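In what follows, chain A forms one complex with chain B and a second complex with chain C.
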Partner chain A sequence: MSPSYAPETTGTECLICHVQNSQDAVLCGNCSAPMAIVHDSIAQGRSPQLVSIVGESNVGKTVYLGFLLDMLAQRAGDFEAVPKGAYSIDLQQTVINHLAHRLFPPKTPMEANQWYWAYYQICKRGRHPKWIDLVMPDMAGESLAAEITTPKTFRVIHSLLTMSAGTLLLIDAGQAANGATQPDFFALKILSYIDTMFAGKRNERMRTPTAVVLCKGDYCPEVFDDPPGFVEANLNRLWNMCESRFENVAFFAASVVGSLGYATSGDVDDVVVPVPLHTALQGILEPFEWIIDQL
Partner chain B sequence: MDYRSALNRAIRPSARPIDVSRGESSTVQTAEFPGIAWAEHAGQASGVVTCEQAVFTSAPSPMGAGYRIVSASPGLKADERTEITRRSPSHNGLCSRQIDAVGMMAYVLPSGRYCISHSHYAGAEHTARGGQRVYTHAIVIDTDAYRQAGANPVRLHAGLRSCTHTIDLSRRHFDPLATIDVPIMRPALRPSRLSGERLGQFVQLLAATMGERSWIVVGLSQSVSLLEGLVDVIPLSARAALSLSVGVSYTLTRQVRLAFLEGDCREAQRATRGHDVRWWQPGDGQLIDWEDGAEWLAVVRDYAAAGRISRISQIAERLVAPTPAPTLNRLARLLRDLDRVERADEQLLAELHEKYASAPALSTEEGEFIAQIQSRVAARFAEISERNQSRDREGAY
Partner chain C sequence: MALRLLSRRQQRESAEPQQPQCSGSAGRQPRPKDLFQPAERTMLPDDELQRYVQLERYGILLSQAQRWRGNAAFRSALAQARQAIDDSFALVLDGFASLPQTINDAPGCPEIDVETAPYLLARYTVTNAQFQKFVDSGAYSDLDLWPRDVWPHLIDFKDQTGQHAPRFWREACHDRRLADHPVVGVCFYEADAYARWAGYRLPTEAEWQMAASWRIRSAAHVFRRYPWGDALDKQRCNIWASGLATTAPVREYASGAAPNGVLQLVGNVWEWTSSDFEVMDEDERPIVGDMLMKSIRGGAFDTYFPAQATSYFRTGQACLVRAHNTGFRCALDIDGDDR
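Coming up: the complex of A and B.
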């Protein structure tokens, strides 16, 4: 009595896991990726490239990606960006609306059918403008953690990381500056996972561009002065791994919140709610710009 | 951040919460999800079944943060942990947004052992981001113990509900759990016979469970209370592979065969569009087909209508080997003939005698039925013969 979501022999192939789905499917029956991405890429006549944003739970992936997309949509940094499909706008709308109401957006659930996906055509204006189709999913940090701890727990993550043309690795700089080892270990694990996935030879180094983004810079403003120096000093395991196995890696610092208040709720016991009083974006675009330059 | 933790600690209530990792226990008073009409169980449990257990929720610890198995008994295997992680509901993952909502899942693990879980909301997450934290208490049962406990996940879930506990998520350090003794509840109080709409729902749900397709059932209050009795009439072999969820948000990757949903189902509709998942709402007029086992279904319906469903349960409990639909249909025909013996006249008895004098049996159960029919036919002949002789003697006097 096993479940029967039998893939049909003819239909649409999922862009992420390559399983066949019926033409009517909204989500892939195997990995829950939105089939709209496939339909949109067929309409564009070219395959999109995938940029993964990875990091631990609560590091700020949703907020970072939401603001990044919003900045692109507002033509920041000489970028021109065209969202393909309304679903691509949901994430930035959610993030911007929540922050406008001085709330952080809700936690991303582990269920992949509830992740936000963004499909954008992006071009950096200049002497030789070049359009790139980019797909960027907002993965749940817990799903990433489960997958890197026990590979193939969430096949969608394995597929996404395998396909990624570039990776943005987000790290909580505030925690790292406080001496917590967890951000360092998590980053080490995920880089080790990526390294193992590509299973290069000992003397070969990973060439996929990897931007290490030190988030929540508002907690430790010194991170903006020298991001590589911060990593070497506070995230030494990660630094060594990058040196040993990753050829194309760069370090950045970013911050979204200008000032933060804390509130206790009358309804919910035992919880202090952080309140983003205003936003002051710093370093959001630079890591992405670097990735785009590498593609 | 450190000062946020400090603030959290500062406002935390002073009452020390229950810590099951130290052997303390408590029953969580989860109000029943308003949409779910769980069956009522009366009286003492008939025993206990010892299970491995795991808690899947979001809590910070030195080993990580966010949703994961925060604590488990040592007997839980790695692939079982993976499967529980993959299937358990995460943030806001119950159908209802009411704080007293609960959910249930039951599925077989890659190891062959069976997992039953009970989920409820457990306040806000430590990060205080929106949505409600889901706390899932899962038990894992060995195959033999599962069968000995009745192989009814709904009844075992009732036992779990009666003894579930919540570990103190503020401790930031979670010791391994011990195994847990879950009470084996006695069968729920059920009406002696089903009729009308309830009978129709019962048969439809049975058809959905026995067929090959996956179903989403909308309208919990109408159907979940039937579920326990329904599982009892499913052959034991099929029960070992049953996967179902109640009150848990739907996603294809959970791979449940029977999902009971309530409330806003738009996300589930989006997820299932274009996939081989059917929807059924009691009273929507749609009939669920299970043509392959139509004769078996008809017998179950007749027995349920006659208040004799326990007879079907007894038979189902003995079907340990895989029982395909043709086998069930043959058993249904034998059962009908066995019933006919009791009210047969001499001519019909003669026909049944001839039919089963050398009838081949394709399984042990069939052999036993045939033997019963032969024995009852002989007994009925003897009764009739004795009655005739008695009547003759009375006539002679």
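Coming up: the complex of A and C.
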């Protein structure tokens, strides 16, 4: 089922969950996706594709997506990008403003009606320029965790992952390198959720392009030397899941922060605040470019 | 398996010159896609004086001149050393640097003024070719060059093949196509050891800022935001917005030189200084790292925010980090008796 691009008289169908909403609805009453995306896509006369950025809380999804959008807007690499609507710029503005002042942006709220969404027309220049309409929401890690643990807690997440033409799975490389099993288990849960959602046959593997992005490379620079080797060695459950069930997977490493400090008064009770001292972008564009090449 | 998985072996076999790139600047410079091309090792003569000349340890030649006074070749070696230092170092006049004390250096934030004496600063950052001589001389095994508390970490100062060398080298060699690029993948201690090995030192943070901001003592009381003036010009430096996305040879961006001819103080690679990184946040809480942090200055090819690549922007890096975007340049005092 896909949204109709003919003039509507009775209501507007949500692009994400396909539920009918009143024409003046700002957010979908069912899944809380902004209806502006639907109006913009109708105005464009094109159906946008969805790219999901998933990962556990604090892995850096918001920062990654904010920088990615800002780089696209600055025509990084072979890309040209046009934001559709002011709401599409809010995320990158928030992220850039915070990092420029050496602060991390606030955590994405769990409530879907408070998430940032970005709707961009993206062109990959080259011999055969390719224009794609993309919608990329900034999902909260806690909401993702709740949905994969208890499906249908967040219908919007289920709908988004069902519709995604590509997925970027972000993993905290620093934690994984330190021997923590949490990143491995969380990645395994997400992939298992996606795999179950598509309920393919036993021998049929998921074909949706999935970019596994090892984030926070500044904690663990070795990850840039050999991302697949790092996953095989440090995230073996994820590696095996990819081998068994996902046909189109690529591994990348990324980093935004060049150096991290901590503000602390030294008191035992004092909160330690991480301070991104400067930026050093590595590997932000590459996984996205790979996804775009697959679409 | 249909997965796009590169095995580690495949990755090693397809090794490219590893002067790392940043993410997606426009107009990326094409990187050679063929295999790593190792530079030749330095052939070291038996004669100690000639060896010092060959290794370009000119600072040592000048400061320890009395060691070779009886050597027939000393006069020409000394002349060569003096000429090399004249060519590769520039005078930074005395002045003072105002160091912001908080991370957000907005107008009115606390600063301290640090007086700097006149000194010589290398016009260029140390290149891969220069650092090759340090590696070939066996400096990583010379414990006198390394502080005692770093000795346990020396085994970590290895290249991609496990040899003592900067992080992105292979078999203790740089890629010869990157010979004139700044050496990167060296921690503070490697930078400091090189400088002392060659007879120089690292500049302090205040000295570095003095060189980049050119705040000399004069009636004009000039303070430059960039070595060339006050306005950002991405054609004069190599930052993210410049679009190169990797390091440039150390003699490029001549139009971005400081008044005394020192190049690339802003952009290309961050530069280690000898100063500890000591700043506070806006609530005056000290900012610390996982380990001792040293001040690095100037921004690099992957610095996204132009405001982080200026003459006064302060940041730090943990002293053992061997980053892809951090190199160094040497400094030299001018009060030596033989200079």
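Here, the second predicted complex is superposed on the first by the 280 of 295 C-alpha atoms of A that agree within 3 Å, B and C clash if a C-alpha of one lies under 4 Å from a C-alpha of the other, contacts with A are read in each partner's own complex, and residues count from 1 in each chain.
Operating definition for what follows: a contact is a pair of C-beta atoms (placed from the backbone, for glycine too) under 8 Å apart; a residue touches a chain by one contact, two chains touch by 3 or more.
All of these numbers come straight from a predicted model, not from anything done at the bench.
Upon superposition of the two complexes on chain A, no clash is found between chain B and chain C, which fit side by side. In the superposition on chain A, A:228 makes contact with chain C only, not with chain B.
Look at A:153: by the touch rule set out above, it reaches chain B but stays clear of chain C.
Of the two partner chains, chain B and chain C are each touched by A:264. Look at A:246: by the touch rule set out above, it reaches chain C but stays clear of chain B. In the superposition on chain A, contact is made by A:273 with both chain B and chain C.
Using the contact criterion defined above for the overlaid structures, shared-chain residue A:113 touches chain B, although it does not reach chain C. When the two complexes are overlaid on their common chain A, residue A:142 makes contact with chain B while staying clear of chain C.
Applying the stated contact rule after C-alpha superposition, one finds that A:175 touches chain B and leaves chain C untouched. Put simply, chain B and chain C get as close as 6 Å, counting only Cα atoms, in the superposed view.
Common to the chain B-facing and chain C-facing surfaces of chain A are residues 262, 264-265, 270, 273. Residue ranges on chain A touching chain B, taken from their complex, read 1-6, 21-27, 29, 31-32, 35, 56-58, 98, 103-114, 140-142, 145-146, 150, 153-154, 174-175, 178, 182, 186, 219, 262, 264-265, 268-274. In the complex of the two chains, the chain C residues touching chain A come out as 1-8, 11, 20, 22-26, 28, 103-104, 160, 167, 240-241, 270, 277, 280-281, 283, 285-289, 293, 296, 299-300, 302-305, 307-308, 313, 315-318, 321-325.
The touching residues of chain B, counted against chain A in their complex, run 1-2, 4, 7-8, 11-13, 58, 62, 64-68, 78, 81-82, 85-86, 89-93, 123-131, 170, 209, 212-214, 238, 241-243, 249, 251-253, 255-257, 267, 270-271, 273-277. Chain A meets chain C in the complex at residues 67, 71, 74-77, 79, 99-102, 205, 221, 224-226, 228-229, 232, 242-243, 246-251, 254, 258-266, 270, 273, 275, 277-286, 289.
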